[in-house]
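Scrolling down, you'll hit the structures one after another.
Next, two complexes with chain A in common: one pairs it with chain B, the other with chain C.
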Partner chain A sequence: MLTQLRLTTTKYGAITLTNLQNQLAYIWDALGRAVFIILIMFIFVQLWTAVYQSQNTTEIAGLTLANTIWYFLIAEVMELGKIRHDTRITEEVRDGSIAYTLVRPYNYLAYHFFNGLAEGGVKMVLIFALGLPLVLYYAGSPTLTWAHLPLVLLVMGLAVLLDFFVLSIIGLLAFVTEDTFSFRLIYQKLVFILGGLMIPLDFLPDWLQGTARVLPFNLTTYAPAKLFVAFEWFQFRQIVGLQLLWLFIFGAVLLWQYRVMTQRLAINGG
Partner chain B sequence: MRRLLFELSFLKALFVVNLSSAMEYRASFITQIVGMLINNGIYFVFWLLFFDRFGSVRGYQIDDIYLLFAIVTLGFGLAFLFAGNAGANLAYLVAQGRLDYYLVFPRPLLPHVIFSRMIVSTMGDIVFGFVAFLFTGRFHPIEILFFLLSSVLVALLLTAFGVIAGSLAFFMGNAQYASQQITNSLLTFSMYPNVLFSGLARTLLYTLIPAAFVGAIPVQIVQGRDGVLLLGLAGFVLLLWLIATAVFSLGLRRYESGSAININV
Partner chain C sequence: MQYEAGKPAIEVRDLAKRFQLKQKAPGLRGSWQAVWRPEMREITAVSPLSFTLEEGDMLAFIGPNGAGKSTTIKMLTGILFPSSGHATVLGCVPWQQRRQLAYQIGSVFGQKPQLWYHLPADDTFRLFARIYELDMKSYQRRRDFLVEAFQIGDLLQTPVRKLSLGQRMKCEIAASLLHSPRLIFLDEPTIGLDVVAKQQIRDAIRTLNETENTTIFLTSHDAGDVESLCRRVIVVNHGRIIFDDKTSVLKRQYLRRKVVDVRFADALTEPFTLPGVETVKQGTYGVKLEFDSRQIPVESVIQQVISGHTCNDINITDPPMEEIIREIYAV
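And then the complex of A and B:
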């Protein structure tokens, strides 16, 4: 049992490490792609500074301007660092190469997760590092205490896993629909508004806020960003509870879908 | 004049071929257009929620956003529906040595290259532009005329800027990401109220990244029914095209043919 666990850990650890080496070999390329965050953050800073000035207030829904600026940096880190494996699954289904990857001695979805962790991790670090100077200049240091940091990191980890489940479901839909572009786009855009990427949920009107808080979209982006800037034990417990609930629901759907879809797989020729 | 008409008929033929090719994959064609409508719609929803919550920001209101979105999305849609190879795609073609294919044809190189591709999703932008204009409630004939003219000028401006950004590949080698980032910067800045920016950032928006000429100035033209400003915008577009043509021609002298065998489908 323990030997099996050690072997499994070594195998998936090696997958992550190999892709990490790949990512680091092309670090300048990744840096070039991530540099856009500076522009995004600059625009957000200008926009929200203007909002706080025009409202003539230091706090909106419990968030100061500095909180809001930090919120957007963390929300962008979560969004831009996501594992984008769904497009790869779609491509593999469309070109038939999934027939070769499925017979390899690893779990197909676990491979994508551990492979994507390296890429996502590098992107998250780069985006944070590039956005940090601007945020420090306009908002100063974050208010998060060291004691709360591991708890926020836990929520971030669950957020990455939850997003992975949703994108896996979207990717596997290629078995039925062949093209998954529109599903991905709709999910992404729901995260923009109901996930709090463009506007914190606290700023939404009450009728929309209540719905948005129980839906899974906010748990991938808003939740870690909000806890980072204004940690509250009650909200932390609520968020982790909802994350686990949605992980269970999407996990069950994903397992069922994976079994059904792979049974539908038809391989012609060699 | 006859030469110009001849070239225009060639560009029209390219457009028809691109359109037929895109429509061959009917499901993908519709998905991309609907997808872009949803994409733009979400930004629209954001601004609706934003102004509903905060009223106005530095005098900017939701009505200004309707018009801004109408002009920018229509302009962007027109630009990349016809000239889909401007911007990052041009940089890719240059870096990969794929200009060889176009160089052997007895046609002007630049229009042939940039008009050889259609970005299907931009049809969604065009539809969205007209829908957004309906929200503005500006139905005076002059306002409609100025809206259409401004959008066409914005399309020409975005294409010229795309040519400049794509031509960077002649000087930098692999400039695909750089040109993509530059083009995205222009578009992103133009979609936000320019009253947000001041100092150096504002100066940049009127010079190096001319986002003000894509968003704020066309909005002013329609709102103020300002014909003089419209002429000014046309003058700027002309200047930008002169620069774009010069940069492309200069870059072309540095172009090195690719040895890879490419097949254009």
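And then the complex of A and C:
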């Protein structure tokens, strides 16, 4: 039992480590792409400074300008660091390389999760590190206490997992549809509007906020960013509860979908 | 189900695969109709196939493009579910026991890479060792053996993207053999390779079969692979078996013709002819010859070619698989 656990941990750990080496082989390329965050954050800072000044207020829906700036850095870290395995699954089906990835002795989705973890992790660290000086300059230190940090990291971890489940559902559709771009686009736009990437949910009208808060999209982006800037125990419990509920729902869908889709996988031709 | 030694490595009974393909008439009108009233057509990739393969045997499973070879391999490795029929591979039903089977089989798809492109092959080797749960001592022993068999010792530290096709393919095949599979599916393993690389790969595969009794299931368009590796040949076309016999029988009946391409140093001034040899094509500096190697030995033809001319290059090939299959049908 313990031996099997050690072998399984080593197996999935090796997948993450190998992709980490792959990321490091092209670290300058990744760094070049991540530099974009400086421009995004600079635009956000200018935009929201203008909004707060035009309202002649120091707080909107309980968030100060500094909170809002920090919120967007964390939201961007969560969004840009996502595991984009759905496109990889689509490519595997199209170019036939699934003939290799599907027949190895591991769980196919777990392989993609641990593979993507390295790529996502590197991106998250780079984006945070590059955006940090600008945010510190304009917004100062974050208000998050050290005691709350592990709890926010837990929510971040569950957010990554939840997003992985949704993108897995989209990716597995490629087994039948071959192309999943449109599904991904719809999901991205929903996260953009209802997930708090464009604007924190607190700034939305009440009727839309109520709906957006129970949907899964905000739990991948808004939830960790909001708790990072304004931690509340009540909201933390609510978020974790909803994250676990949606993980259960999407997990059940994934189990069913994986069984059905692998039976319907169509890759004819050499 | 536990695999019992002495039982066939592969047992296939009426295995078939059909796909639904969306049809579209040409032009914008056709595209519009395909959106609203898609027309589906069922294509049969593999018609009911039945065969067995004994452990330690080397089988060439050949046929023209679209014959259903790769689809059969994908069913036998568990990637595709069959539309009907049954198969067991080393005692496992591949599509139901894919993970269990994965420890015992290896696969190489010549046109698809499995090595990490930006990393040295050694890094992928280490990853596979973990994935197949090898202990580091036996991994090291196995790696050393494969390094020697495929002569890849000086390639393992170079990023894969910097390797030539032949070098990469040797590493690709070695990677598939790290976990000492009892059965290997080789799908076009020598495609696009030069003569030397092909020979090295064939030698290494033969060594594995002789020393470890590894069962080989090969598909290839290269008649040379079939001739030099396999004892038995199954020819499929349109998903049906049209020939199943010893390679020697195929060779005697259908692989007798050879094609020789010659490049001369000087221009040819008159028609090139040799007794018993057909001149398929003649240019200013070269000829393409075809002949029956049972009637005239290859050495004799080459001797006659080089005795009268200075040659820059000579290339001896087998006729393409499509031609062999045409001949099988003609009989």
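By definition in this document, the second predicted complex is superposed on the first by the 265 of 270 C-alpha atoms of A that agree within 3 Å, B and C clash if a C-alpha of one lies under 4 Å from a C-alpha of the other, contacts with A are read in each partner's own complex, and residues count from 1 in each chain.
Just so we're on the same page, a contact is a pair of C-beta atoms (placed from the backbone, for glycine too) under 8 Å apart; a residue touches a chain by one contact, two chains touch by 3 or more.
Just so it is clear, the structure is predicted and the values come from calculations on it, not from any experiment.
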| item | value |
| --- | --- |
| First, second, both or neither for A:Leu39, with chain B first and chain C second | first |
| Which superposed partner A:Lys189 touches (first chain B, second chain C, both, neither) | first |
| Contacts of A:Pro105 with chain B and chain C, given as first, second, both or neither | second |
| Partner chain in contact with A:Pro150 - chain B first, chain C second, else both or neither | neither |
| Contacts of A:Thr262 with chain B and chain C, given as first, second, both or neither | second |
| Residues of chain A touching chain C in the complex | 7, 10-11, 13-15, 18, 21-22, 25-26, 95-100, 102-106, 262-270 |
| In the complex with chain B, residue positions of chain A that touch it | 29, 32-33, 35-36, 39-40, 42-43, 46-47, 50-51, 53-55, 179, 181-182, 185-186, 189, 192-193, 198-199, 203-205, 208 |
| Sites on chain C touched by chain A in the complex | 19-20, 43, 45, 65-66, 69-71, 74, 77-81, 95, 98-100, 102-103, 105, 107, 109, 111-114, 116, 118-119, 123-124, 126-127, 130-133, 159, 187-188 |
| Chain A contact footprint on chain B (complex, rising order) | 27-28, 31-32, 34-35, 38-39, 42, 45-46, 49-50, 52-58, 177-178, 181, 184-185, 188-189, 192, 195-197, 201 |
